[in-house]
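Note that the chains take the letters A, B, C and D in the order they are written out, and that residue 1 is the start of every chain.
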């Protein structure tokens, strides 16, 4: 990898990964998973959608579950710093001949719907309805006591291209995996705006697809508890990988699958990355500890399965290298 | 203190502290505290009583809340190993001219009601209705995720006399506090049957009264969480002392008061004491770390307030020494 | 399984599993593992042996590492309640035509060396040199902050025979695995004396061999930390299984292998079992959650590998049934 | 308080609170406290200074201990985003007639030394020597396993004036305490740059003085452990307040005093504040839960004692209101 030069003067100011909209085929079953089991708070529900948030979030929603015919991802949401940034973003995407629309989105202010070069659906906005933080309403904390959304992780058919696109709009690299050839190629990148390891990550694979979203908990104990809960209340087969410690990001993690197969990571304990001169950390694709510091390989499903973006065609990845796989 | 010689061949075999019966003046309010806040499980409820247990307990109840006109303690329950032990216990108390009765007690087998020399109401039994352990029904764990009853702690007007009485029936000393005079006098004793620091403890004070019962949690994190819950859901003034680490027993603790003023300790992390030759640990009454390893003195209420036993007169303590008090 | 009837009047009183003697081929390397990495305290060392204990232990040692030519187990130690019990034990083993000897054992009082019917070397004693508890010397806690030895787990060629032998001398059953045939056969048993899930367990397999010893930590956080330490300080390949939650015993666990291949479990969070009428919990051999509540199968090595007892021949197990295996 | 309008286009870009320089009278004793007890890593030491960092920090130092004749604070360090920001900062302070100097500072690139209007010594820089992150060298983690510096908290004689000064250079308000009068006055403010509750806070009091620096740990368990360590290894009297949960910031905390009386907070579990439209949280000065959610008042020393800045005169505060005090 050539030296990472973060764009410290990006065309518009992305604050952070903010929300996702999941298409789910059974809202009741999805609510059982996200609210009754994982413990997310339901801000609002109508016949077609359920709006969820973590206990510290004052934004109306960080996950929207929308009733759809097939499981799919409908939007990846990022908050911008100001309305002027929103206009600059629209202009930037227009110059790139990428789609630009400002649909009405419930509970959000002016919202730009666009896509990246692979068709990944992006949603930029500045204002969202504000609701009560429940961080100090401890009696309402349930399940994994999820605090907030942390990040979005996607498969891309070309990690280098996705890296180039998002660093141009100001995302900064914190860690990356590459092949060990003399002409090393990027296998995965972790990119941030908000000051921890990532808001957005990309891994090599048939894409674009959502690999998972990451939800932040206060500590590993909350993740162990949700393992115990899921394993003994009918959600055992929804536990896909972990708990464990990532080499990359140092996070303590658990990957679970919702009733539609969408993947959610419970995630905690990474580190501060606000320094603009932070040197990105390189990992070899052949290093099993990059995946799990404790050596456990990830299952095959974890490398192969992901959620399609609604109406977006898949492309096979250019890079055929394979990481260590469990079974 | 003279050398402690545990009675390894006691007149009857006490297995452990098993349950208490609290007289409470408002069952609904008591349920709000014990079940909705602390997270104890309700095994059964009738108009006059609520039966509670911790998540690992298969015994029908470890706390009975009984509707009464005034707050009071009605029974301290201990499990015996066999029906023959129960008969031996009855004979032993009869020989001591202490009360002996076998009333019908709901959900318990043959039950001996008696009292110690100060009138402290004791209940011995062997069999209790068995119910489902909820230890691995993690989705039902709430509040402090209390696992089981651990111990009973009482004020006595004469610690030496209480020590003599209970060691004779097989309780073993693990730690004790005494004055620093040449002719040292016992201030407090911790006595066990089940193999950790205590099933029954006595502290110098107007008595007999119940000082508190101890409820076991899996770790300190559960205790910190219930602090957060109580402080933000209307129970702030019921938090009396802690959280902290005891010097004595090494336990991590929190003391709370129920709506009738009965004191409950959430307790975890003491140590194994099954070795018959375990040397009891001595603490000086003047050592503030015996109370709280981290130096925080206990509040005055903690030294002065306790729950009366129904119909049992109080006696002032013989020993006037005073420990370090906060305010 | 027929109803378990604990022997409440055993021929001699076993207090608990107390210590093991491991034959190791490189004392320096073993010290690096047990002391520098796991954090056990070294009570004493001479050229041929290293004596270790956990932070709460006042016994001189719970693990003896003795320099040997090949990895092997030399003794499984159990504490008895009194010298009279020791004499009764000698008489009982003599009547069984099992070996009886009273060798001098450093740091221990009168010590009976004998064996069970399969030749498993047993060591019974009452007194051991007492040393300082380090429980409240927190600055000296390192690694997994191990508190004490908890249990001993062995392969046996005949679980039923081992069960019969040890229940006769007073061990009590808490949990067991059996086959699902009409004529169910025992696959594994967990037996205790000290009041938690086990002091001694047996699993079907070529034996007798030691499967592992269990060391107690105060909570899961200590076990997660030692995973992080081992994975990043040269001990990654010594991590065999976990961390995870057992269905059986509900314990949070990690299995590691020492430099000679001896297996050690870090173990915490089981439950109290002192009630003589505690109903043993049955698990089906085909239930993957009995091994790991979260569904992870154990590796093949975990089912096949164990430590031989010095000079004791192996027997293939009578029972050929196989549990779920990972790889 | 009037509506908070963060300055989203500040004159120069402060990244975060980065380091402090403590004048200490006994470097050996200070090292015993910070390194041997708290577990900070020593990056470098010379006869006159000791450079410390947390386990995740790649900056050469976040605390400099410099041998001085009297305890004092010599610099509060903040990292800027670029060298151009450093020039803009110098220009801005010059325009304010505040001191501007570029002394050579060991291990740092070009460094601006200046002061705020009350004389509080500030140090701005962009580059510092980079060293190895020890985040995944878990075997080297000791004591409280401190990860990084989090914030700086100062007494000011005029909270409103300090608030005005620092918001002008881009600090954003997250929480504040004010009096309950119709014409409410600011008692304390929490201001951030890096995206959590604060990089810099001010409390009403004789000032300017340093109240404390905050050091981040991964969770509450690390803070409980350091309580146990300090209480049992000779540092009991250095424990000033806590552990507990702040109402403000929601952080779990412990305040300790170093051998020279400088105050250090161990701090964890606040929340993400990167949203520019985040509404600051108001607390009443009379609300005891703002200090400690669990109700424990802070000791008098906590309100009165602080570290002087070298050579900077003290001013009594304009505001005489008093919070709830313990003793």
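We adopt the following convention: contacts are C-beta pairs under 8 Å (C-beta built on N, C-alpha and C of every residue); 3 or more make two chains touch, one makes a residue touch a chain.
Keep in mind it's a predicted model, so treat the numbers as computed, not measured.
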Which of B-C and A-B has more C-beta pairs touching across its chains: B-C
Most remote chain, CA-based centroid, reference being chain A: B
Centre distance in Å when chain B and chain D are each reduced to the mean of their C-alpha atoms: 44
Euclidean distance of C-alpha centroids - chain B vs chain C, Å: 32
Distance from the mean Cα position of chain B to that of chain A, given in whole angstrom: 49
Per-residue overlap in chain A, given as positions that touch at least 2 other chains: 136, 220-221, 228, 231-232, 293
Chain-level touch network, classified as line, ring, star, complete or other: complete
Chain A-touching residues of chain B, taken from the complex the two chains share: 37, 136-139, 221, 225, 228-229, 231-233
Residues of chain D touching chain B in the complex: 220-221, 224, 227-228, 230-232, 236-237, 239, 243, 245, 252, 289, 293-295, 327
Touch list for chain B against partner chain C, complex: 8, 15-16, 56, 58-59, 79, 81-82, 126-127, 130, 135-136, 147-148, 194-195, 218-221, 247, 250, 269, 271-272, 274-279, 293
